[in-house]
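Okay, got some structures for you below.
Two complexes come next, and they have one chain in common, chain A, joined by chain B in the first and chain C in the second.
Entry: the complex of A and B
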């Protein structure tokens, strides 16, 4: 069985007016299905990319994967365990959460501006009780900072002293600090300029190789997908419309929606 | 640290704003003279044994017609040296103002954080309560709380507890602006991804509110605290003027003004004038400082 499996994953949002208004106007409930019966599976150590335009439900899937949102129906299974099992005790839930972490889209909003970088990276270590003792924690933070290409002395600085790309490295170090097996990357490069994008993607690739990390990669950027993904799922209005390998997707797109998506990507032709 | 402060934009702006500079100096002088009142004041006005009734109604810088003593700002009806009484009264006014603002701030910030972060019916409950309170003048609320508290206290404790009751009633009447501001900024902050990151590692609501959101919503709170401080000093003076605040044995500025008011038309103008001018200077300086802080710390006004 695959490492991460989504079965019939569905998420509804209730956009209805208050009950009293509906009773007076006789209008029915308005339910928006952001994610509709999505199935996919990810092998350990590989990258699965979800692509789609804004509003296609890809970020909703990311939030459900890490437990920020509960699915309305369906299940997410990691390493044979149901992530949203209501029968799980709080410490078991916490233990599962440790294994699946997230790198966020905005390098500006994802780091608390009032915290030193060292404290930001140490927080998951403390919260999960992974390492005891301030000194050992400090050593681990230094190690993580160096691993993502920053200096260990950067631990004493505040987030605003770093560039967007460096902040995203800090965000990656924080995600790594709880020693996860799955990292959900929610458009980690869309706020960065192109030259920095490549550096961050290369870092993610190197880390994947070293720790056999499994990535769920959310993006709308097809160039990013082609370098990162082993398998690509195309989302349209909450439904998974196509699933392909990168070469297959770019050479033989099956769906009209996928073709439209491929054609709408800007390309530069010289000559 | 000190060098960084002296180099900052904030300090630079401060030196270029004459209003802020003067206000700051006025507040500093008043606060220092209140803190060191026992070294500056020639007499202790709270000590009934030191009062000489014969000294009553001595005009400023004139010899008393019975005892021949001279007082810088004259004396009141009890023969109390007004200069000393103002310094000690200032101390009570500042203490009550500071404690009341602290109470209002702690209460308002906590309620605002909870309303903004938890939302739902709790948000509705807290904010509607705030709306209801806003429809009454805060001095009326303070008087109401003061009256209830006095009614609940046994009579022998009324004078002893007067200052505490005063602090609580002013504090409870001023929490609303803190709560509204903090609620607004909390609703903005809680949508940011660093809060999601904190939820990912299993932190509970309280840890997220106190450790992550609170430090990010405190900026405007300090400005409101300064302005509320001026309001609290005036509220204290008003309550004392109305005779429901500081007791006559430990007069605050408001009590002194009330006493002085009785003698204004019989020619003893100084009993009213000097405490009133001190109160005016203090409230005006704190208010101007608060206004300047608000304008300086608001990037949109730069």
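Entry: the complex of A and C
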């Protein structure tokens, strides 16, 4: 079995008006199926990219993967364990959560502005009880900062003292701090400029090689995943409409929707 | 196409702060020709939007245009904001809701804009508003709809109709498609290109997306740390960049290409300097792999009408 498996993953949002309004107006319930029976699997140490336009359900899948949202139906399985098994004890759940971390799109919104960088990065270490003792925690934070290309002295600074790209490095260090096996990246470079984007993408790739990390990489930009996706899944209105290797997808897209995405992506190639 | 509609001559924009005077734009010059789309590209904070704001006289205090001149149709406009700007120059922002009042029907907003710019009757203005909507691909029957009933892309079309209503000769579009999906983005960019061709309108298109630059603009100016690093015909600049920063930008742009897999992207190390820590000489020198001793001391101006880089010095004839 693959390392990460999404099985019939589904998420509904209830967009209905309040019951009392519905009773008075006789209007039916309105349910939006944001993610509709999505299946995919990811091999250990590889990158699976989910590509789609806004509202296609990408972020909803990301949130379900890291436990921020519950699926309405279906489940996610990691390393043979059902993440959504209601029978899981609290400590078993926690143990699984440690193994999947997330890097968010906005390095501005996802870092608490009032915390020092060192505390932000140490938070998962403390929450999961990974390392005891302030000194040892501090050493680990220094090591993580250096791994993502920052200085250990940066631990004392606040997020606003860093540029967008550096903040995204901090987010990555934080995600790494619980020693996860899977990282969900939701548009991690969309807010960054190309020159900085390249730095962050290269860093993610180097870390993947070093730690055999498995990535679920979410993006609206096909070019961004061209260097790192082993497989690309195309999401349209909550449904996975096509799945291929980048080579296959770029040269022989099967679905009209995929062709449209490829054709409308602005390209720097003059042809 | 060779006639200059707009000339920006050696402008600087400064901010007085507690830490001294900061220069957000530093001695920048460029021209916009009649009927062309000029792209401005660079990372956030490079001064793209500030350049647009300077042209429109919209720099918020404590910032101010501290030196230089801006000429429009042979008239100096940096001293006399109200007369020309607004009537002849329109602005399109990334967020359509900056330009649209959510509480008013789109038709009313269009008619009002038209009436402030043209001596015509209300009925004629309504007629024009309907034509304007049609032109940007919106059903004129929706003239009485409110902004929130449109999708993001449709709303941006309404904004374009509003921007076009006074029949401006120049439109400054600041990241007009950044918030939109690629399919919608492609439609909006096509629309802008078509308007440019049909009406001879000039556009300054501000974006950080090299793909958008490649597909939409005739010429491109690359900004770095408030200075113009390179300028030229778009194809020329992107296929044969002269400034090391432009080279880096082009090389680090990921491409939809089956052979990209597992390759490391080219990266420019470091980051753009902050305004209060500008290096001497060439602003790019701390990140430049070609930097010469001279680069650390003397600031290069644009050489051979192309790039602000000492590597081009003495090579004017080669270009």
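We take it that the second predicted complex is superposed on the first by the 268 of 271 C-alpha atoms of A that agree within 3 Å, B and C clash if a C-alpha of one lies under 4 Å from a C-alpha of the other, contacts with A are read in each partner's own complex, and residues count from 1 in each chain.
The rule we apply is simple: contacts are C-beta pairs under 8 Å (C-beta built on N, C-alpha and C of every residue); 3 or more make two chains touch, one makes a residue touch a chain.
It should be emphasised that the depicted structure is a prediction, and the values quoted were computed from it without experimental measurement.
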Review point. Per the overlay, which chain contacts more chain A residues, chain B or chain C?
Key: C
Check your understanding: Thinking of the overlay built on chain A, is A:74 touched by chain B (first), by chain C (second), by both, or by neither?
Key -> neither
Exercise for review: Using the superposition on chain A described above, determine whether A:246 touches chain B (first), chain C (second), both, or neither.
Suggested key: second
Practice item. Based on the superposed arrangement, let me know which partner A:57 touches: chain B (first), chain C (second), both, or neither? Key: neither
Check your understanding: Should A:265 be classified as contacting the first partner (chain B), the second (chain C), both, or neither?
Key -> second
Practice item. Name the contact category of A:222: first (chain B only), second (chain C only), both, or neither. Key: second
Point to revise | Which superposed partner A:201 touches (first chain B, second chain C, both, neither) | key: second
Practice item. Could you tell me if A:164 is touching chain B, chain C, both of them or neither one (first, second, both, neither)? Key: second
Study note, to complete from the structure: In their shared complex, chain A is touched by residues of chain B numbered 192-194, 196-203, 212, 215-216
Check your understanding: Can you name the residues of chain A that touch chain B in the complex?
Key -> 63, 66-68, 93-94, 97-98, 101-102, 104-106, 109-115, 123-124, 127-128, 174, 178
Study note, to complete from the structure: Per the touch rule above, chain A residues touching chain C in the complex are 53-54, 163-166, 193-199, 201-202, 205, 220-224, 226-229, 246-247, 250-251, 260-270
Review point. Okay, in this complex, where on chain C does chain A touch?
Key: 43-44, 152, 181-183, 185-186, 189, 208-216, 235, 238-239, 248-250, 252-258, 260-269, 271-272
